[in-house]
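First, the structure itself, so that you have it in front of you.
Each chain gets a letter, A, B, C and D, in the order it is written, and its residues are counted from 1.
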Amino acid sequence: MRRNLKRIVYGAFFALVLLLPLLSRNEYVLFVMNKALLNIIVVSGLVFLTGFAGQISLGQVGFVAIGAYTSALVTTRLGMPIPIGIVAAIALSAIVGLLVAIPSFKLKAFFLSLVTIAFGQIIYLLIVNLTAVTGGSQGLFNIPPMKLGGTPFTNTLYYYLFLVLIALVGVLMYRLKYSYIGRQMFAVNDDDVAAEACAINSKKTKVFAFALSAGLAGLSGALTAHMVGFLTPDPFTFFDSANFVAMAVVGGLRQLSGGIVGGLVLTWLPELLRLNISGFENYYLLVNSVIVMLVIVFLPSGLGASLFKGLSRLWREKQGAVTLRNSRSKEGE
Amino acid sequence: MVLSDLLQNIIGGVTVGATYGLIGLGVVFLWQSIERINFANISSAMLAAYLFYTFYTQLHLGFLVAFVVSIAIIAAYGLALRHLVLEPINRHGGDKLEFVVATLMLCTFWLSVVKVLYGGIAKPFPPVFGEATSFVQIGSISIPSVYFWIFFVVLVLVLVLYVLLQRTMIGKMFRATAQNKEMASLVGINVGMTTSLAFMLSTSIVGIAGILLAPIYFVSLDLGGGPIGVKGFAAAVMGGLIDPLGTILGGLSIGLIENFSTLFISSAYKDVISFVVLVVVLVWKPRGIFNWTTKGD
Amino acid sequence: MKKALVMLMVVALFAGVLGFTPVRAAEGAIVQITIGSTKATINSKAVVLDQPPLIESGRTLVPFRFIGEAIGAQIGWNPAKKSVSYVLGNKNIVLTIGSVTAIVNGVKTTLDVAPKILPTGRTVVPIRFISESIGAKVDWNATTRMVTVTVAAAKPSWSTPIKIVLSAPFTGSGSILGTYCKGGAQLAVDEINAAGGVNGAKLDLITYDDQANASTAATVVRRALDSDKAVAIFGPNMSAAVLGVHALAQQAKVPMLVGATSPSLRYDTTHNDYLFRLRADDGVKVAQQVKYIVEILKAKKPGIILGSDDYCTSALAVAKQAFEKYGIKIVDIESMKEGDKDVTAQVTKLKNAGIDVLVGLTHEPEAAVVMLKVRQLKLAVPIVGFSAWGVPAFTDLAGDAAIGVISVQGFNPADTDPTVKKFVDAYKAKWGMEPSDPAQCYYDGVYLLKKAIETAGSTDPVKIDEALKTVEYTGVQGLMKCDALHNFTNICYISQFNGKTWKVISKIP
Amino acid sequence: MPILETKMSEKTEELLRIKNLTVMYNGITALRSISMTVDKGEVVSVLGPNGAGKTTLLRAISGLVKLEVGSSILFSGKEIVGYQPYKIACEGIAHVPEGRQVFPAMSVNENLEVATTRVSRGLRKGRIDSVYQLFSELAGRKNQQAGSLSGGEQQMLAIGRAIASGSELILIDEPSMGLAPIIVQRIFRTLKEIVKETRLTLLLVEQNAKLSLPLSDRIYVLSQGSIAMEGPVAEIHDNQMIQDMYFAKG
């Protein structure tokens, strides 16, 4: 009975996810959903970087920007096909991620977060100032959309493409988490010196985590560029980076699902708060920030964790080995 | 480039840099006592400026009353920050990162609140530090009179803080807590009290900075986010996050770097240059280049 | 408590997602049936009936469920009363089996033929009566024995409020502008509604914050088009945002009226029939500015202080061309970032470059910062600012430092023109503050739209769009008429600040 | 028996009484229902192998670790379980933790000053001067940063801070750790002096029993979180196990 309930809930959830484009014929809903999916890709990378490898990045949007502009320039200026643009975007972001990882060998927590803030700002300023390449603050337009048999992707097609990508990212993360490298990461996160003593190369794992999260951010950026069709520097500010970290924390840093929950909730929340009330255009961000603060203050382990705790209480299953491993406590900090 | 131009730029850089230093002090005091970074640090500056504007310009309370009341409210806000944000996060099992994100959101929150209450249009600051266009002429150099106020207050603040921290028992208790919390409690220092003090000190200093900066920044949302906040952090980093004097010097050097990179390299890339310098400093000397608090160790 | 909070969030999330799924209203359909045949088509898609249509007393009877579904009505069946009901939009029809009395919107009507239950057990109803009561057209082709029912797509009814959406910045860097955009538009909407609306229909202005951010604007515009079904969109006010989203309006065939001024938004580059600009583009304004600098001020060595966003940089592009035309080289361009507060170095460099006029291409607070520094460093040259320099948001901050500054303005509240004066007074009464650019532009825009709807005699966006190309309207900005580039050209002023107001030097129609 | 009792109360006054003290760390019992007493003016040593719970015992008394329900610590007859560490310090228990924890960025004098919160303002200087008399090495370095002192000097400063605080009971954890023998002897000489002159109460944890026993009146031996043995030095000293553990040659 309980088991059936579990199946029904999960089944309904997956059915809803798969059928959403058919249920809602509203392009706006799909567009925001697609944005949420793109955010999920970035936030998953952050969950990996922060939750598993213990490194903070407050400049993640810098990698998104690198990905977006790389793919846009490769396809518009060089006339290359989109897949090449996307691969170039991932590669370049990941390489820059490697470079940003270097200071992390020496720096801890806040100092590292300052390096990443500076990195994000430098990328932003370069985009604004390198007008000849990036179009400056006026932006880049006419970025080609993805095409299927000559016709451009609809929002629905993008939706399914992103779903597949997220599924792939999820599988990759899951395998990494329970692989040798994942366990190493937990070790690095818990205690740098002790991990080093156990012959774990913390430098290598940090570099790997940075490169991976940067690559995912780059992928998301490239997809955004082709879906939206234009790029301006304004979604690449410090506050956008902060928003990604907020998504990761609200979703929950200790589970792979954190990225999904955080990305969905915090993309939709401001949209839902854009109420049709006169004058509310001044208030919705205020309400948004209050809600996020409340979640962080009262549910620091994130909505994802609480959600699954609530669900598992619903069908009262004994917490299995997997959940135990999931809920590693934070003794090390 | 004549000498007076150079001097003029040094004065400009030093003034703006001193303000970065003041903002950085707020970071330093909190870091010293709880090893946390309040990313809404800069919000205190904006709140104080708007409070002062309300009390002085709108309620006509007079300079001293308006100033004292504003700073008192900002100090109380610091205390609230501890009890409504830091403590609940700790109690619910949160950690540094949760505090970072909560305060980032707090920053947006205050910007929205001020936007709703006062609108987005920058307001001129009342000429309590002299008219904006009154300049003091020294030889071929002309200096806005408000700059002297900034120098004066920064000097007084640094002096007061020096005396408070170095000469009074409470200051020594505060420093002891910052250096070793557990040991401090073992010698009978109420760490909870010094933590509250740290919060209040941190918001009040930034609040004073906010009122002081308002003639330059105007009573505007610019005081509550953006470049000045990040540069305040950078100043604190130059002081290793613990040395108040180093933080002021760090701020000054950032101000000067900005001005001179505009003067000799490019105005478009001056921020890029100062951020690159910040990264280089962080990587090269993570304990801060102006940090004399601990040698060796 | 925790759990409740989580559940609340999740429920809110999904409710939100599904909440946007529109209930399918009448979307327009063509239904064709043939007497005696079970084959029928709906929108030329073949469907099969479980009971062929039949003729009784000259009236065609069809299965009651089929016709309801075909025209998109909600069908009800009351077994106790043996009655069938159809609801579509605001129409409500109730028929009773075996009775010639039907009730349409509560009014009793008599049928020629009563609905009945066939021996096969199927209930059939007269198709013409149902269709016509619901507002559809019925054609009978005697040779092919085919009935065609045409349900027109639901038009925005004149009795419902006419929805228009304003996308403007209310948070973030451009939040000053949003206040004025909304101030102007809302004032016009309220005035129009108070005076009885547009042909009796009220205007409903929905305002969204686009954060002066092109990607947020893209979301907002989609929402306006897909969820709100706006008949026209005002804004975004930022050129880069408009460049990003105008194609959406084009695809949806909904007119978009913007105050953004970048020359890149002209029809010759966008080829968008649905994009209109509510004023002259920067090309016109900057050209006036440069003309004044060169011809009146006789300047030879202009220097520019430049902001970093697209408003500033696109103005620079035009200014460069305009100076080039006169064969004048810009001797120095110094840039600053929005939020910068110390420009000692920039002004020093401009001074040392020996400029003889300073051209200000920045936003308001930066303009104030620049002017304070200019006075401090005694840069004694004429100052000519772009439109952001000609507003109180600048002069209030700069105070005495702004005295003598010359600016090109799209709007001057001190203008003695009665239309301008009336607008300024009404704005002050409503919002408690003086209007500033671009309030007048959206104010005029709403009146322009009203005129277009009245001219078109319809709230169909396509027809409004057609009307917008031809209507003429004299508002605060003078005579507004769509030119070949889809710009509604406006008056522009060259004015000088005297410490209190902007004194008009010349008014260019 | 009554005679003995009278004698006891005349001679000693109970300063610290620990009853049923239990400490758990992550489900592992670190201390199991410890009961012990320290009388006023007494020097009590706690011996035991590494990991026996000696440091935890001191930290428990100072309020730095969470105690299980049922634990009781009476100080001068007052229950101090549940007090915050600084409150316990203010009651009069000074703790010299292992590893010479001084405030590195403060001067020697400031280190002593911040410890005198429970001393009335007028008497502070006198107490600090008395520390300088005991540790003349520190007197010459009053204004030097504590972080720049040698290890031995830092240890002296840490002990001096406890003395300056005017506490009735001083808990000292491994004062000899990581110091050169000559300096260790110097420190213990002073401790002996202090005990003799001031009749201060000491609870001493020290691996090096050769140093601590001559100083002590009584001993507790901890093993795996429980008290394995207790008694006056004279009795325990002859115990074979103690001999093996602490005095065996080799």
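The definition used in the following text is that a contact is a pair of C-beta atoms (placed from the backbone, for glycine too) under 8 Å apart; a residue touches a chain by one contact, two chains touch by 3 or more.
In this text, all values refer to a predicted model and were calculated from it rather than measured experimentally.
J.: So which chains count as neighbours of both chain A and chain D?
T.: B
J.: Can you list the groups of chains that still touch once chain B is no longer counted?
T.: Without chain B, and with every other chain where it sits, the touching chains cluster as A, C | D.
J.: Relative to chain A, which chain has the most distant C-alpha mean position?
T.: It is D whose centre lies farthest from that of chain A.
J.: Report the chain closest to the protein's overall CA mean, measuring from each chain's own CA mean.
T.: Chain nearest the overall C-alpha centroid, as shown: A.
J.: At what distance in angstrom does the C-alpha mean of chain B lie from that of chain A?
T.: 32
J.: Measuring from the mean C-alpha position of chain B to the mean C-alpha position of chain D, what distance in angstrom results?
T.: 43
J.: Can you compute the centre-to-centre distance for chain C and chain D, using the mean CA position of each chain? Integer Å is fine.
T.: 79
J.: Scan chain B for residues touching two or more other chains and write them down.
T.: Within chain B, residues 112, 115, 268, 271 contact more than one other chain.
J.: Going through chain A residue by residue, note those that touch at least 2 other chains and give them in order.
T.: Correct list: 129, 282, 285, 298-299.
J.: Give every touching pair of chains, nothing left out.
T.: Listed in label order, the chain pairs in contact are A-B, A-C, B-C, B-D.
J.: Using the touch definition up top, name the residues of chain B that touch chain C in the complex.
T.: Residue list for chain B touching chain C: 1, 5, 8-9, 11-13, 15-16, 111-112, 115, 119-124, 131-133, 135, 142-144, 216-218, 220-222, 226-228, 255, 258-260, 262-263, 267-268, 270-271.
J.: Using the touch rule from the top, collect the residues of chain C that touch chain B in their complex.
T.: Spelled out, the residues of chain C in touch with chain B are 170-171, 175-176, 178-179, 308, 334-337, 339-342, 344-346, 348-349, 352, 364-365, 368, 372, 375-378, 393, 396-401.
J.: Touching residues of chain B toward chain D in the complex: what are they?
T.: 169, 172-173, 175-176, 179-180, 182-192, 242, 293-297
J.: Can you list the chain B residues touching chain A in their complex?
T.: Result: residues 31, 37, 39, 84-85, 88-89, 92-98, 100-102, 104-106, 108-109, 112-113, 115-116, 225, 230, 233-234, 237, 241, 268-269, 271-272, 275-276, 278-279, 282-283, 286 of chain B touch chain A.
J.: So in the complex, the part of chain A that touches chain B is made up of which residues?
T.: Counting only chain A, the residues touching chain B are 50, 56, 58, 102-103, 106-107, 109-111, 113-115, 117-119, 121-122, 125-126, 129, 238-239, 242, 245-246, 249-250, 253, 282-283, 285-286, 288-290, 292-293, 296-301, 330, 333.
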